[in-house]
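Below you will find the structure I want to go over with you.
Should a chain be cited, it is by its letter among A, B, C and D, assigned in written order, with residues numbered from 1 in that chain.
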Amino acid sequence: MNRTRLEAFSDGVLAIIITIMVLEIKVPHGSDFTAMKPLVPVVISYILSFIYIGIYWNNHHHMMHTVKHVSGGILWANLHLLFWLSLVPFTTGWIGENHFAPVPMSVYGFVLLMAAIAYFILQTTIIRAQGERSLLARAVGNDIKGKMSPILYLLGIGSNFISQWISGGLYVLVALIWLIPDKRIEIILRSESETKNSKK
Amino acid sequence: MNRTRLEAFSDGVLAIIITIMVLEIKVPHGSDFTAMKPLVPVVISYILSFIYIGIYWNNHHHMMHTVKHVSGGILWANLHLLFWLSLVPFTTGWIGENHFAPVPMSVYGFVLLMAAIAYFILQTTIIRAQGERSLLARAVGNDIKGKMSPILYLLGIGSNFISQWISGGLYVLVALIWLIPDKRIEIILRSESETKNSKK
Amino acid sequence: MNRTRLEAFSDGVLAIIITIMVLEIKVPHGSDFTAMKPLVPVVISYILSFIYIGIYWNNHHHMMHTVKHVSGGILWANLHLLFWLSLVPFTTGWIGENHFAPVPMSVYGFVLLMAAIAYFILQTTIIRAQGERSLLARAVGNDIKGKMSPILYLLGIGSNFISQWISGGLYVLVALIWLIPDKRIEIILRSESETKNSKK
Amino acid sequence: MNRTRLEAFSDGVLAIIITIMVLEIKVPHGSDFTAMKPLVPVVISYILSFIYIGIYWNNHHHMMHTVKHVSGGILWANLHLLFWLSLVPFTTGWIGENHFAPVPMSVYGFVLLMAAIAYFILQTTIIRAQGERSLLARAVGNDIKGKMSPILYLLGIGSNFISQWISGGLYVLVALIWLIPDKRIEIILRSESETKNSKK
C-alpha cells in the first residue's frame, strides 16, 4: 500500500548520503601532483563507504520487496537505520582527514556496528509483522552474514589499539563478504512465484 | 491525480533536510577522544531534529493519504510547511555549536512553532477542500496533540530565559508525544475501507 | 511514456535547489540576538528565492501535465531551465551576504531573466511538438505573465544603479504576479476532460 | 520488475551530483564586478560538467528502457558508474579554482575516462543479460561514439602537458559529439513497437 513512499524516501536519503560524502573531498588549493597526496586517504575512505552504502541500498531493496504492509514499527525501524547510515559521511571524513588514526577508525567501526544492529532490528520487525510463514524469514535463513558482521566490527573496533591496519582490513573484509551476491532472497522469491504460477 | 508528484517533491525535500543536517557535524581536526567532546551537543541536537523531521514525514504521509485532488491552496500550504522545516538544519546547527544557549534555543523553538502552525494550516486547507464529510476531519478528531504542541513550544521558548534545560525538556516532550504511534488516521482509514467492502 | 522520469529528475533537482539554499544561512558563532542581525538580509533573500523556486516547480508541474511524448528537444530545454535555476542558490547567497548591493542584485535579476527565457523556450518546444491543436498553447493563451516578467526583470536589473530598493521591489512584484493562482491550464484541462466525458 | 527503483536511485544520485556542483561556486565577499572575475573559470567548468552529467542522465535513461530484469551484475555496474560520476563535482571545482591548470585538467579527464569505461561495462553487462537477440545491442550498433570518447579523453589527458587549451577543447568536443541527438535507441525502440503492433 504505502511501501512505495517508504522506498522512495529511503532511496532519497541513501542517494544523498552517498553523494554528499564527496563534499568531504575538499578541492586542494595547489594544482600539481603533490597537492593530491593528502587526498589519497580521503579517496580510499570514500571508496570504502561508497561500497558500504551501496550494499545497504541493495539489501534494503531486496528486503523491502517482501514487505506488503508498512506498520509504524517498520517505519521507525527504517528511520533508525537511516539515522546511523547518515553518520557515515561524517565518520568517513574523519578517518580520511586523520590518515586512519585509531580513535576515528573506532568511531567509524562503531557507526557501522550500530547500522548493522539497526538493520537486524528492521529485519526482525518485518519478520514479526509477516507472521509465522514469513517470506523474509525463509529468505534470510540462518543469516550467517548478518551474525558475522557485528563480531567482525567489534574485532575491528578493538584491534585499532593494536594496529589500525588490522582494523581497516576487517572493515574491508565485511564489505567483501556482503559484495558476494546474496542470492538467498532472490532465489526464494523466484521459487515462490514459480509455485504460484504452477498452481494456476 | 497529481498527489503523487506533490508527495515525491515533499519526500525529496524532507530527505534532503534530514540528511544535510549531518553536514553541521563538522569533521574535527584532532584524532583523539578529546576531539569528540565539542561534538556531543551537536550530535544531541542532530538526534532531536532527526526525530522531529521523521515525525513530520510520517504524519505528512498519513495526511496526504486522505487527499484526492491537490488544489493550489494545498500546494502552497505544503510549500509553506516545507519552508519552516527547511530552517531546522540551521537552528539545529546553531544550538549545537552554542551548547544550547538561550537565544538559539528560543529560535529553535520558534521555528518548530511555525512549522506546527504551518502543519495546522495545511490540515485545515485539506479538510476544507474535502468538504463536510471530510475523511481527514474525522481522522484528526479533536486533535489534542496538534493543539498541545504549540502551547508546549511557547512554554519552551519562554522558559529559556529561566533555564534552557527546562526548554530542552519541553522540546523533547513534544517529540515523545508524537512518537507514540498515532493510530487515529490509520484506524479511520481501515474502518472506512471495511465499510466499503461490506456494502459490496 | 518517459515523462514520469523527466518529472522525477526535475523534482529531484528542484527539491535540492530549494533545500541547499539554506546552507547559505551560515550558523553564527555568537549566541545572542545581535548575532542574528547579519542574518536578516540572508533570510529575506532566502524567502524570496524559496517562493521563486516554488512558483517554478508549480508551473513546471502544470506544464508537464500536457506533455505526452518527451522528445530530445524537450529534454534539453528542460535541462537548460534547470541550469539557470541551479544558479539561484549562488545569487541568493551573494545578495544576502552583501545587503542587496547593486552588482549582486543585478546578477540575481539576470539569472531570473535567463530562467524566464529558458522557461519560455521549454514552453515553445512543447507547443511545437504538440502540433497545431496544442493543449498547452490554448492553456497559455496570450501569456501576459510570461511576457511581462522579462520586462520587469530588465527594469529591475537597470534600476539597481539608481536604487536597489526599486530593483528588489520589482523582483518581489514578479513573484506576486505569479503567486496569484494561475487557473488557465487547470481550467482548460478540466473543460477538456469534461468534453471527453460528454462525448462518451 | 525492480527497474523502477534502480532508475529512481540513479536519478536521485545524478540530480544531487548536478546540483551540489553549484556549491563549488563560492559566494564572493566583494560586491562589485571585479569580485566576479575569479568566478569566470568556475562557471565555465560548471557549465561543461553540467552538460556532461545531463548527457549521462539522458543516455542512462534510454539504456535502462531496454532493461527488463535487473540482475546483481547490472546493479553493481550501475553503482560503479555513479561512483565515477560522483567525483565530477570535485574535479570540476578543482579545475575551476586553478584556472584549468594541467594537473587538475588531467585528473578531470581521467575521471571522465573512467566514467566512460564504467558506462561501457554497464552497457556490456546489460547486453550479455539480454542474450543473443539483445534489443540494446542492436540499438547501440557499432557504437562509434562510445569507442571514440575514451580515445579523445586519453588525447585530452596527454595534451595537457603541451597546452591545457587543446585538452579543454577535446573535452568540449566529446560533449558536442554526444549532444547531437542520439536517435539510434529511439528509432530501434519505435520500429520494435511498430513490428509488434503490425503483428497484432
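In this text, a residue touches a chain if its C-beta (ideal position, glycine included) is under 8 Å from a C-beta of that chain, and two chains touch if they have at least 3 such contacts.
None of the values given here were measured: they were computed from a predicted structure.
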What is the chain whose Cα centre is as far as it gets from that of chain D? B
Chain B-chain C contact: same residues or different, taking over half shared as same? different
In whole angstrom, how far does the Cα centroid of chain B sit from the Cα centroid of chain D? 38
Where the CA atoms of chain A average out and where those of chain B average out, how many Å apart are those spots? 27
Two or more other chains are touched by the chain B residues 8, 12, 16, 20, 23
Which positions of chain D touch chain C when the two form their complex? 7-8, 11-12, 14-16, 18-20, 22-23, 25, 27-29, 31-33, 35-36, 47, 50, 54, 57-58, 61, 65, 179, 181, 183, 186
Any idea which chain C residues touch chain D in the complex? 2, 5, 8-9, 12-13, 16-17, 20, 23-24, 72, 75-76, 79, 82-83, 86-87, 89-90, 93-94, 97-98, 101-104, 107
